[in-house]
Structure formats: structure tokens, C-alpha cells
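This is the structure, below, for whatever I ask next.
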């Protein structure tokens, strides 16, 4: 008896879900009254929640500021955020729901290239512009002409650090240790190795770890024996802090290098003295005098009580770039916004001056900064290739 | 003539029905609903096939995601690297690639099934878990399929039609098997291995067969998944994915095919159905509620939703009871 | 066809350092009904386990129909014609009575897995045959009406009978019955004795029987072996065994009926 | 030679941590035949208990043995309480249910703790308080043994000795052994089985708490999912040693810890996560009940 009841309940709720979500016709895409609907999908829970949440906070702050300043085209932006648990398949569901159910006019997301690559075909299929804050894999924007990003691509950043190591630090023998589970880390490592050997340097050791590992001593012990002049660690701050500690604990004193995944106040908090003096490439520097950067840092700190990390800054800029494109767009349609996004030129964001190239990737200069406590010290700027 | 109708009648009928649905659905429902239906379908194949090992044969496998990964990667690799190798028909290519993916998964299933000759219960469980993880780590290190960067640009061949067709093939095969002497042999292994041996059931052989069939369909599910998502990454196939499938099987009732199907649908839709809640509370309670539901269901309905009964049995029971009232 | 069905020669088995059965010699000719008795822990069930391939003897030789059985798995021995019941009933408890019987008929089917899926003619024919045979057997044992009941829910006596029935469903030449009357009352035991006699007559099956119920053993067995601490202390017809001083000593205080 | 020594030191220190967590798995398994998937999350909660306790007591930045032991005891107590409640409310009602149900419940509890952790503690990694200053106490060539390593090892070994004493020599331990041997007979002998099972969870969870503090000190990054991977490896260690067998868990932990260090150090780091499982599978193929486990022949 109870089985039958339960079964009918399941069937009924499935049916309701189906009917309730049926196609809604006759609405302009993405505009409801005086609100413009923008979708965001990201890893708010799951393994990579910390990155998704940071990005979300940056986006939230940007939208708040835009709306406080009167919105765009006289309308307010309404952000609809969906969680994808850090799973590609969920990213597809989330992006599909945002496009087909919530009728958003544009998408912001995803942090990681793996999820962006899964969701981008959907956005392309429905011709909804998708702007990724921090998916660095080249392939993401190659999916189609509706896919954009505001971050560097892997080859550029890998090259930046290889050049920096070669030209500024004058090191010839470098060890690389990267996160084998992260496409971002693997990509950076690959392009660093290529450029660095191309410049005449030598990669004398190559080791890997897995995201969420805590013990790196075995890798570091074997790195130590080949006596590198520097170690390139293209990973996220979540592991780099511990890695640096253990490296110093084993008596490895050479400089540590990394990419924008290092950008977080947590890096120093976890790494402490060990990470001091490490260099990493970034979009901007927190010790900049740029009022935009200062104002962003202040506002973020006021709202969330912590300093923003790199991902938050990227999220913030992505939202701002999108709002700028909506403002400049001739019509309030996905297509208009796409065209406006493609012609983004000289947009002064927190993370640099953004100009979209023909492949929908931003050309912006990278800075190399040095870890100096919770803030970073500017070292040099490296222009795009 | 009779033989043909008996053998192919239902499958042909279902093919027509699926064809109509495939044509009809996109006109009725948008991609979101279709996505959910396809995910439900994939999970149904996974749950029903795992039920063969865990529910019917009484072994304990928690490495289903590994087989799924093998099927997904092999078929996707074929589709990406050898497009249209079997001729100009996309569907034929997709069908063949899916079957090849399934066969490779079946071989993997054979390799995992072999240790089951020696291992029992939790030891077997942990070995299947280990195989799943090893497959994942291997995939991370194979450059031909992209390693951690993933395999992208997989053509989107998976349609509603193919998903439903494979769900049907999977359920149909297993239902028919279970109604034969082979099905009873699986059950005998579950009930009492020693007694099964004593009455002439080659228990080890049937254990391996169960693993192979189950892995084959997991590989099929993987192929549909890959050709729907168009992107693969080893991190999709962690042991948490395997747990999800085990949860579906237990929740639906061990040894109930329809139970597995219903549970697969429930587990797929529950997180989606809970989304509005997240919009209201602004905090992500979805997964907390999901896990709580799981615990409460286990505490209140330890036999799963259906026990070892099928929907048809329940219906008969219901009719009988209302008749007697 | 030789008349010797089963022959064991100096079969011994050790678990760790413990000798469980030592130098067990037995020749079973077709049609015999042999009893295997002895105090608890004498190694009777271990003998059964060796004969059915569950345990491999440490030394010695077992021949069934003239062929050695070493390394042959229990399911294969079952196909060759050795069938058994268990001391603590081992039915497929959650399955129906009918399925318990049909599973035992597995070895008489030859259709493949794909055939099962497409319902080939051969499959349907064999299934039909199995079903008919199963009902026939169930009827003989008066279990016909219970065919669709769950085996684990049957009363104890019927479970015992079902297990014997299941052993018969494999079409055996030799049936090993491990304490078939255990836990039965006098009346049930009486009925069991009749049943055993009946199946022997009807199916022409050779039976080897472990039993504590001396009345049953003495009543139906033609030949009796007595085991004590793994050693065969006596062999012969019921009369000889009953009067053997070694047997009396072994049983002293435990059973004198 | 120097590198070799360093690998040994690293391996033993990592292995002793695996062992400590493996003990919790093995104890629960021994008595309930349950793979307690929630154990790794109890461990995670232990780290956060330590984190908040240190903040609350204002000893986050006063490293000394006093703060170390205070935090250790608080974390152990917190975990014991959590383990007790999990057993009481999630597992006990299922005492007579099929084992797979309890297992699913364990997975449910594990997910519940993880996701609740992400909401309550936040998903961002936190810094575990500095409760014990680190210094090199011993240096052999280039290989170093630090005070932290030594403390971890001594604490872990000490706890294992205490555990062994409890199990071998106390009445409680005898009752536990009896219960794990046969729950039904134990209850006939007048042992309150429910109480013994509770005690098992309390002790096992307390060990996880201790493990969390030790790991937290050495690898001071804590986050709600920190238990997943280390929990899995510890569980593998328990199975490797023969699940249900206490010295086996210790041996298994050490084997996996040292093997990982050596494979990463001398062969390649890319297959590290597969290594534990590969060792496990190979060993199980030769010894189906693990290194020290006893393979029981089913009585027919």
C-alpha cells in the first residue's frame, strides 16, 4: 500500500516538475520588467567550493556596485547563481537551466576550465554570451564565438614565468612540481617547460601531486637531491602554502615561483615565513596605487571581512566587463551583448586593462609580484606577446 | 513468425515508441528537461546494471564509476580520433563506438571479477573501489585522452532516443536473464554460495559473468554520458560517483530492477528539485538535505523502496488486497 | 558399468596441526545405503566435505566412477552425480520453493545467456521441461501446493524435505545426507525413513547417510561405518556395529538407545 | 644515503598518521563489520574542534606542550562525543538491518558532515593554530628529524600502546574482544553489547581526533573535505593489515606510508594515489584477509 502511494507521489512530482518547467513563450530573453537577468554557475559546494565561493563574492560585489550606481541602460542587473558542485555534468545542467528556464541574457562562469568546457557548447548552441572569469585553458573560447574570458590563457602565463625565471632570476636549472589533477596546473607547467627549455634553460626534475594532498615531502626530497636553482609550482594557494613549508623544512632554500593561483591572503597565512619572497605572475598587484584596486580591496574587505583573492578579483572584473558590454550594446539581446563583448577595448578593470582579441581572449599585461606577507610587492610587468 | 514476434516484438515496439518520443519531446520540452531525462536514463542504466552484481548476485562492488570511465573514454576517443570510421551514418558510428566502449568496460569488469574468486564481502568491495581509483589515476596520466586537461570536442551524439533505447536494452536484458536458469544461478550465488556449488552452479563463473555484464552496461552509460557532455575529465569518475550508484541500488531495493530505476530518477531529480530552496535561503542546503534524506530513508525503510519486489508485484499485491477488502 | 560408485583410499585431512580425518577407506557400490555414525566432532561432516570437493584431502585418493576427484570443484562433482544436503539446512531461503528446485536443475540446461535474452526455442523448451520436472518432484514430496512460497518460511520439517528434494533434482547417482533427521520428532523421523526408502526404490539412488538417530540408522542402513576422532573404528552391518566394544566405548554415556 | 634516510623518516611519520586513523576503522569494523565511512569526517571535525578551541582559549599562538596537550585532549573529547552520537542516532537503529544499509547510512553521515562542514566552517581552508614550535632536534647528514616529527611519532605510538593495554588487559577490552568474536554470545554472557559498541566508537573517534591534531600541527591547512583522501588511504591501510586486527592497522599504515614515500621519491609521483590500492590488491590476492588478518574457513 505505502509502496503504491510512494510511487504515485514520485510519479506525480516528476510530472509536476516536467509541466512546471515547460517552455515559457512570449517573453523577451533576459529582461523582466526593469531587471536584466544574468546567470552565474559555479562550484559553491563540493571539492572546489573555495574557488567558486570566492568568484561568487567578487561577482556579487560588482553587481551590487553597478546597481547602486544606477544599473545599466536604466535597468538593474539581477544575478541568478546556481551551484554545480564542481562537477562538469552539473555545470551543464546549471547552464541549461539558466538559459532555458531562467531566460538569462548572459552567463558568468565557470571558474575551472573543465566545467567551462562542458557548459560552453550549451551557451554556444543557444547563442547566449558566456564570460568565464578564470578558465585558462585555451580550448574554452575555441568552442564558439559566444564564449569569452577575462583571464590569461595558460600559454601566456607559463611563458611569463619562464621568461621571468630566465631573464630576471638568471636561473638555468629549474624543478617543476604541479597538481596532476588540475587542468590549470598541468597547462601552466606544460607551457612553462616548453618556453623555459626553448630559452636554453633546463628542467631538471618534474614531480606531481594531487589537489587536496597535504604531504609533499617525498617529491620535495627527490627534488632536493638534484639541487635546482628555483622551483616552479603552478598550483593553487590551497596546496602551495603547505608545499612551501615542507620545502623549507627539508632545507630547500631556492626561490619558489608560481602563477595566479597563488593570489590569496591565505597563501601567506598557511605558508608563513616559508612562502616569503616567492614570485608569482598575476593580473594585478595589491600594493598598486591604482585607485580602482584600492577601492575594490576596501569594498571587498568591508563586505566579506577578508581580503579578496585572485579569483574574487577575476569574478569582479568579469561582472564589470559584462555590465560594460550590456551598456554599450545596441540592443538588449544576447547577440547585441556578444558583439559588444567582442569589441571590449581598453576596459580598465581591477585585474588590468582588458581588450578582447579576435579569439575572445583578453590581451592584458601580466605583473610578477613577490610575496611580502599578506600583501605582495610589485616586481615587474611583462607585456603580452 | 511466432518466434520472431516473441523475440523482437517488444524491442521493435519500444524502438518505435522511442522514435516518436525523440521527435515529440524537443517540441514539448526544452533542453533542461531533456538534460534531466538523459541524466535519469544514464543513472538508470548504471543502477540497474550494478543491481545485477550487488542486488542479484550478492557481491559488493563499489567501483562502478571506473567501468563507466572506461566506456566513456574509449567510445569518446573513437568518436574524436576516428570520426565516421564505420561509414557516413553518425548513428551507426555512435552505436558501434558505444558498444566497443561497453566491451572494453566488460574486459575491465572481467579483470575485477577475477579477484572475486578469492575475495568476499568488504574485501571485494575495497578491491573494486581500488580498481575504480586506479583507472581514474591511469586516465589522469594518459596524454592521448588529455590527462587532467580532459578530452574535449566529443560530438554530441547522445539523444533522447539513444538514451531511452539503451535504458530499455539494459533493463530488458537483465529482466530476461533473471527469468532464466542463469538468473536463478545469480540468485543462488547470493543466497548461499556453498549450497549453490553443491547443486552444480559454477559460482565463480557466475560471479564473473555478473561483473562482466554489469561493467558492459556501465560502459554503455559512460559512452552516452560522454557523447552528451561532449567533455570528459577523470575527476568526474571518482569513488563518489560509484557511491551515488550504490545508493540508488540500495535505496531502490536490492534485487529490484524497477526499484533501481525509480531510485535513479529520485536521486537525479532530488538535487534539482531542491534548487529553489537554495535561492530562498541563500545558503547551500541542497546537499545537506540530500544526505539527511538518505539517512532518514535508510532508518525508516531499510529494505529500500521496493525491497526485492518489482512494480508489477506491488501492483498485483495492491489489486489483490483491494479485491479482498 | 562397474558396480563401484565411490572409492576412497587412505584419505586424511589436517587443519593446521589437527588431524581431522585419518586414513578413511570406503567403497560404495551402486544401490547401497550406508550409514556414517560417530560422536560429535568425529569428522563425519568433514568426510562429506571431502567427498563433495569442498575440502581437499591432505593425502589419499578419492575416486568417483573410477576417476580421481582431486582439484575438481564441487559444482563439477555435482554434475558428475554426487549430491548432498547440509547439517544446518542451506536452502536458498529468500527464493521460492519452486526456484530452489529449478536451480538444482541448472546443470540440465544448455542454453546460453543470449538465448535467455531472446527467448530462443531451445530455452523455452528446456525451461518448460525443468518446470514440469520440478512440479513432478514437488508432488512426490507433497510440496506441490507450497511451490510459490518462500523457502525460508516453510516449517522446519518441510525445509529438511525440500533440501533432500533439491539434492534429488540434480539427478544424482550418489546422495550424501547430513543428519536428515536432526531436530525432527519421532513421527517426522518415521516419515523420513519411509521417504528415504521410497526414493531409493524409485530413483535407484545410492545413499550415504550421517545420522545420530540410531533407530533410523539401524533401521534402514545395510552397512555402517563408525568414526571416532577421525579414525574408522568399526565397519559392518548394524548388528556387528551394535555389539562392537569399541563403538560402545566411543558412545559411552552419550547415546545408548 | 641521506635521501634514503629522509624518505624513511618521512614515510614513518606519514605512516604513523595513517595508522592512527586506520585504528578507528579497524576497531569499528572488528566489532560491527561496518566500514564506517563517516570516520574520515569525524577526523575532519576533530581538526576544527582543535581550531576553534585554540581560538577560544587564546592559545592559537602560544606554542608549548601545554597548549598541545590541551588541544589534543579537547579534540579527542569532541570527536568521542561526535562518534558516540553518530553511533547512537544513525547506526544503532539499524543494528539488525542488512549490512549494506548501515554502510549507506555511513555514507550519508559522511556526506552530511562534509556539506554541513562547508556551510558551518566555510569552504576556504583555515590555518590550524600553531600549538607546538618546531625545531630540528636531530640531523644526520642532510636528513632531518624535527621536534614535530618526534612528537607525532611518540604521541601516536603512545596512544597505540594505551589502546593495546585497554584491549588486552582491561575488562572493557575483554568485553570488546568478546563482542567482536560473537555479538550474540557476548550478550548471553552478560555483556551489554550496546555499551561496548558505544565505547568502541568513543575510543576510535577519539583516536581520529588525536590524528587530526597531529596532522593539523604538521600540515596546518584544514578544510571540510580534508578527511576524504587521508580517510580512504587509512582505510586501505586497515584492510591491508587485516581489517578488524589492531596491530594490522598499524602495520598497514606504516607499509602504505613508507611505500608511498619511496615510490614518489624513486620512481614517479604521478601514480601516487593509485599506489595504495595497487599494493592492497596485490597483497589481497596472495593473502585474502590482509597481512595479519586470519582467513576464516566458512563452516559447512
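Labels A, B, C and D are assigned to the chains in the order they are written; within every chain, residues are numbered from 1.
As a working rule, a residue touches a chain if its C-beta (ideal position, glycine included) is under 8 Å from a C-beta of that chain, and two chains touch if they have at least 3 such contacts.
Note that the coordinates shown come from a computational prediction; the quantities given were computed from them, not determined experimentally.
Undergrad: Could you work out how many touching-chain steps separate chain A from chain C at minimum?
TA: Counted as steps through touching chains, the separation is 2.
Undergrad: Relative to the centroid of every protein C-alpha atom displayed, which chain's own C-alpha centroid is closest?
TA: So the chain sitting closest to the middle is B.
Undergrad: Where the centres are mean C-alpha positions, what is the separation of chain A from chain D, in Å?
TA: Their C-alpha centroids are separated by 35 Å.
Undergrad: Distance from the CA centroid of chain B to that of chain C, rounded to the nearest Å?
TA: Computed from C-alpha means, the inter-chain centre distance equals 41 Å.
Undergrad: Could you put a whole-Å number on the gap between the CA centroids of chain C and chain D?
TA: It comes to 49 Å between the two C-alpha centres.
Undergrad: Suppose each chain is reduced to the average of its Cα coordinates; what separation in Å results between chain B and chain D?
TA: Taking the average C-alpha coordinate of chain B and of chain D, the gap between them is 33 Å.
Undergrad: Pull out every residue in chain D that's touching 2 or more other chains.
TA: Answer for chain D, listing residues that touch two or more other chains: 115, 118, 270, 273, 300.
Undergrad: Listing for chain A: what residues touch at least two other chains?
TA: 45, 47, 180
Undergrad: Of all the residues in chain C, which ones touch at least 2 other chains?
TA: Residues 54, 86.
Undergrad: Where on chain B does chain C make contact in their complex?
TA: Those in contact with chain C are residues 3, 6-8, 172-173, 176-177, 179-185, 187-188, 191-192, 194-204, 209, 213, 308.
Undergrad: Mind listing the chain B positions that touch chain A in their complex?
TA: Residues in contact with chain A: 28-33, 35-36, 39, 140-141, 147-150, 152-153, 156, 225, 228-231, 233-236, 262, 265-266, 269, 272-273, 275, 278-279, 284, 286-287, 305-306, 309, 311, 314-315, 318, 321.
Undergrad: State the interface residues of chain D toward chain B in the complex, per the touch definition above.
TA: It comes out as residues 29, 33, 35, 90, 93-94, 97-98, 100-102, 104-105, 107-112, 115-116, 118-119, 232, 235-236, 239, 243, 270-271, 273-274, 276-278, 280-281, 284-285, 288-290, 298, 300.
Undergrad: Could you please specify the touching residues of chain C with respect to chain B in the complex?
TA: Residue positions touching the partner: 52, 54, 73-76, 78-79, 83-84, 86, 90-95, 99, 102-107, 109, 111, 113, 116-121, 123, 126-127, 130, 166-167, 169-170.
Undergrad: Write out the stretch or stretches of chain B touching chain D in their complex.
TA: Contact set of chain B toward chain D: 54, 60, 115, 118-120, 122-123, 125-127, 129-131, 133-134, 137-138, 140-141, 194, 239, 243, 246-247, 250-251, 254, 283-285, 287-288, 290-292, 294-295, 298-299, 302.
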